[in-house]
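What follows is chain A paired twice: with chain B in the first complex and chain C in the second.
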Partner chain A sequence: MIHLPKHETKAMVAVHGWSGILLGLLLYAVVVTGTAAVFAEEIGAWSAGHVATRSAFERPMADTLRELGTETPAKYREAVDVFETGDHDLGLFFHRHEMAGGELISRGLFYVVNGDGRVIHRQAGTNDDVYGARNDNALRSFLVDTHVRLHLPNPWGLLLTGILGLSMLVAAISGLLIHRHLFKDIFTLRRSGSAILANRDAHSVAGTWSLPFAFVLAFTGSFFSFFGTVGVPLVAMAAFGGNVHALTEAIYGNPGSPDPRPAVIGNMDRINADAIARAGAIPTFVTIENFGRADARVTTYHPPKAAALAPVSLLYDGATAVFLQEKPLIGPRPSTGGTLAAIMSPLHFGNFAGLLSKAIWFGLGFAMCYVTYTGMRLWLVRREDGVRSFAWLERTNMVVCLGLPFALAASAAAFLLAMPAGNAPWWTPAGFLIGAALAIGAGVIAPDCVRLGLWLRRADGALLVALPLLRLVAGGPGWAAALAAGQPIIVMLDIAFLLAGGRMLWQLGRPSKATHQPTILQPAE
Partner chain B sequence: MTVTSRRWVRFAFAGPGAILIALAVMAGMALWLPGGAAGIDNLVLPLILAPLIWAGLFFHACLDRRLGRVAIVALGLLLVHAALIAHKFLDKGAASTEAHR
Partner chain C sequence: MMSVLTLLAIVASGGLVFLLGHGDPKRRRSARKGKGHDAGLRRLLAAAALLPGLALLLYGGGAAFILWLGGAALAGWTAALLMDA
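Let's look at the complex of A and B:
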């Protein structure tokens, strides 16, 4: 327990309250979408009805890679990104690196190869075009984009989410400092007291349990937001006279003498099979540097091994397909900085132990949403009898906290209905905007906050229950087909939506136990 | 100094001051941190530690009762790291693309 003097405790209470109230609503939006994005991959498979289970890296690709390499202009053979896209199709992005507006980008040709080895898509563009929203991943892409940059243009969106991360860091640390009875508070839930005290206890218990998680998320989140926007240019300025490409090469490159002699790329199928056997998992991503040259290098990236936190990456000689070494994710050999940087991603995304760690991250993320919502409610309750009225803020708080899940569910509904027609990239954000407009409209016309909360909860519950039905109506695979194809995640998400929506509707049917005894909260409460 | 002006000075150190100094420290650290086994620690650690440096400066500005000490720590860090960066830029001979190792 930390015992700050009264004056400092008062300052920390003010910092805790204002850090939440000034940016709390935006922070809530980032945390809600981040919580959902923990299951982005699963939501992608659920929404698009993906039923293929054999990875593109388990299928032969060596001949296709060589053929596409031959027909791609030499200027785009500087590097190749190889990854899975759509329903386990193979994505190959031949590209070169360029500086555009002070930012390092990739430009080249992108091919999608289906399970039969046929090229089904060709596209010229930059990394933004290749990794942006497509018809079958529009919902997943929308969720991730909302979380990462709130759909603001670069770099402003990343800077904003980075600042939100810092405000969460402040709220977490100040929350720890103002706890006078930390261990007692973890287990204190007074059900028999007033509604205010019960809310305060719930905020305190959820906040205290998720405190380490909030700290980790805020720290890693602000790291990711500031990494490319501020950090890399500044460190490149100091260490390399502003040469961002030189910094990137120093951190991610594979050192060695250049050998530009032409050489056919080695057998990629042998590399894939060897990498899967060594790492014990399918690659999540593969990069080929200096494609078609004697000094070509292939790096395969894999999820962490059992009981490990850092992802695995393996280095191969591209021309001979011979295994060279297990290399750290960052830097040519293991180092403190490289290891710390490598664990930032699994710590933030919770993807280091499969569905179990993702479920824990989802639960703790949900607790963070609850802490943000109840924290703002407590701040408002304390000022109910003040000179200034904050009724507008209470209404706004409710519209955002209950309306945002509704708008997200509306975007999912729009995606499910629009995907068969090929309009999902347009309709997914449009569905979100329609849902948001309905929630805001309800906030404007509702006679009071109690009624507004009732309307929004009812809408949230009804739409969540409707999602699995919409998926089936839109032509998505049924439960039997999904299970037969080895995709139980589709069934699991259907059940999760039905349970979540059903519980909300069931709760609304129960009489409220809340009592309205006057309660005076202490400063640290 | 009046209570109000002390509060504003503290606010300046905790708000814009903490951001500016954290950025200067992040850039300057790349010049004095050792490169480590892979020669990249001086480049990567400042990027990782930046949010924590900012949080440290912010809470120090909020919690230290002695405003003078807040100013000395913050301005000292700024001065040292700004001087390192300035030295790097003025040193034409060393202005190659080679990183500090």
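Let's look at the complex of A and C:
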């Protein structure tokens, strides 16, 4: 493969090792939660027991939209976000745009309309209130928020996850440069040699197979983290005098001369039916600009068409409900930059080909977790006999790598038990903290790392097996009811948890076959 | 339809990758399982494993190719783990 001079290889090994060990534990947390978040939508339906299958966009909503528009104060009719919430209920957020603390926010009135067309929830607030955690989506929201910003306040969380993405990119590039036999070693896993050799093989085999996706996921992840925190403010400062709203309008808005004359919004049912027919999929989100005016514009956002990577956006005249054009993500006309920006999301989330792409992305995420974990193990076992002891780091590594899945499973258990009482937004993070405290406590009192690993694996396995049972005990739909309602994902996730937990417990009962013998490695290894 | 074709391509490439791993000389040597495939056969198997991806790239579009790439990578890693087990 790539042959660097010896001193450069040594430098690369140092960069690879130190970048991994300094940020590896945080990177692991982001990758684990990102892997789980690939199925965020499905986990949301599983955890909340959602069994409705008919989309809110397939039900009549035109009359409701007009009525709610009439009763909403004019100051909040600047724009409307239309999306599905809860169990395929309809969410309508009438709002205006404001600057608060240098940040562009939306403020207005949020309505939830159920399947019968009744308004079941009204709330005044900002986009944070509307799109934040609710009782039925608290687990999904918690998972996504952990992945996106590690629950740190804006913009620090996003900046940190962006830096972690860059460190993953550095590790992938340096790993590629230092590996002398990338293809020769691609199937070689030696378990009967030393612990160094076993960890090195496990790390490099998984790393080599998943290398292209390490680049893709790290780059797209950093893009999302830095886009709003660095990119937008910088461009706004350079080209729009610091006006973020003007920048947003220029990038995402629909150019044209303003026409503030009052006009009743067009038939939204017609727009929905037309958009579904054109895009071949139900909208994931709809925005209405200038609601109640002659220049109203409706944009519908859809997943990519079959065999395509870029999502679809369609633009309609809001007052007449007439289709205008397919809308690029950025700017009014198609461009290479717009297409590249549009495919960032499907490439990162793996949501462009239904369950097949999600399953593959989940598997690749799991491979990244494995690469991160074995990489840190390799760094530690190399230094086992060194002058300085890293026993504390080995213990920390185990607490994080095996304790984090336990804490996430504990948050899911807390959600399942608290949701019926309406306390899920509080108990879901509390469950995570309790699980994390138990894992840290085990790390403190365990006599050695072998025993600690055993305890944590047993706890992980037991809690994963318990999750489907907890779901049923808490009143979630049974398998027959879920299948009858056309929601097989609930059954599939139950089986996945049972298999994953069962396998962990079964593995603990098997004797280990590894026997460690000392081996001397080359510097590049 | 495209998902089914992509899945078939992943299975085909995965099968060939498994064969490639089964006869991998370094893996066999380290596991003390005798000689592996010769270089010619390995090149042939590697080229054949890439063919479904090439076909998807030409006729199926970028999404199908990326799915195949991810699926084939996972199949390769799984093959290495299974052969080790």
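We take it that the second predicted complex is superposed on the first by the 520 of 525 C-alpha atoms of A that agree within 3 Å, B and C clash if a C-alpha of one lies under 4 Å from a C-alpha of the other, contacts with A are read in each partner's own complex, and residues count from 1 in each chain.
The working rule: a contact is a pair of C-beta atoms (placed from the backbone, for glycine too) under 8 Å apart; a residue touches a chain by one contact, two chains touch by 3 or more.
Since this is a predicted model, take the numbers as computed values, not measurements.
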Superposed model, chain A: greater residue contact from chain B or chain C: B
Contacts of A:436 with chain B and chain C, given as first, second, both or neither: neither
Which superposed partner A:424 touches (first chain B, second chain C, both, neither): neither
Chain B versus chain C as contact partner of A:243, first or second or both or neither: first
Which superposed partner A:8 touches (first chain B, second chain C, both, neither): first
First, second, both or neither for A:210, with chain B first and chain C second: second
Partner chain in contact with A:398 - chain B first, chain C second, else both or neither: neither
Chain B versus chain C as contact partner of A:48, first or second or both or neither: neither
Residues on chain A lying within both footprints (that of chain B and that of chain C): none
In the complex with chain A, residue positions of chain C that touch it: 1-3, 6-7, 20-21, 24, 26-27, 30, 60-64, 66-67, 69-71, 73-74, 76-77, 79-81, 83-84
Touch list for chain A against partner chain C, complex: 184-191, 205-206, 209-210, 212-213, 304, 306-309, 346-347, 350, 352-354, 356-357, 360-361, 363-364, 367
Contact set on chain B toward chain A in their complex: 23, 26-28, 30-31, 36-48, 50-52, 54-55, 58-59, 62-63, 65, 85, 88, 95-97, 99-100
Chain B-touching residues of chain A, taken from the complex the two chains share: 4, 7-8, 11-12, 15, 165-166, 169-170, 173, 218-219, 222-223, 226-227, 230-232, 234-235, 237-241, 243, 246-247, 250-251, 328, 330-338, 340-341, 344
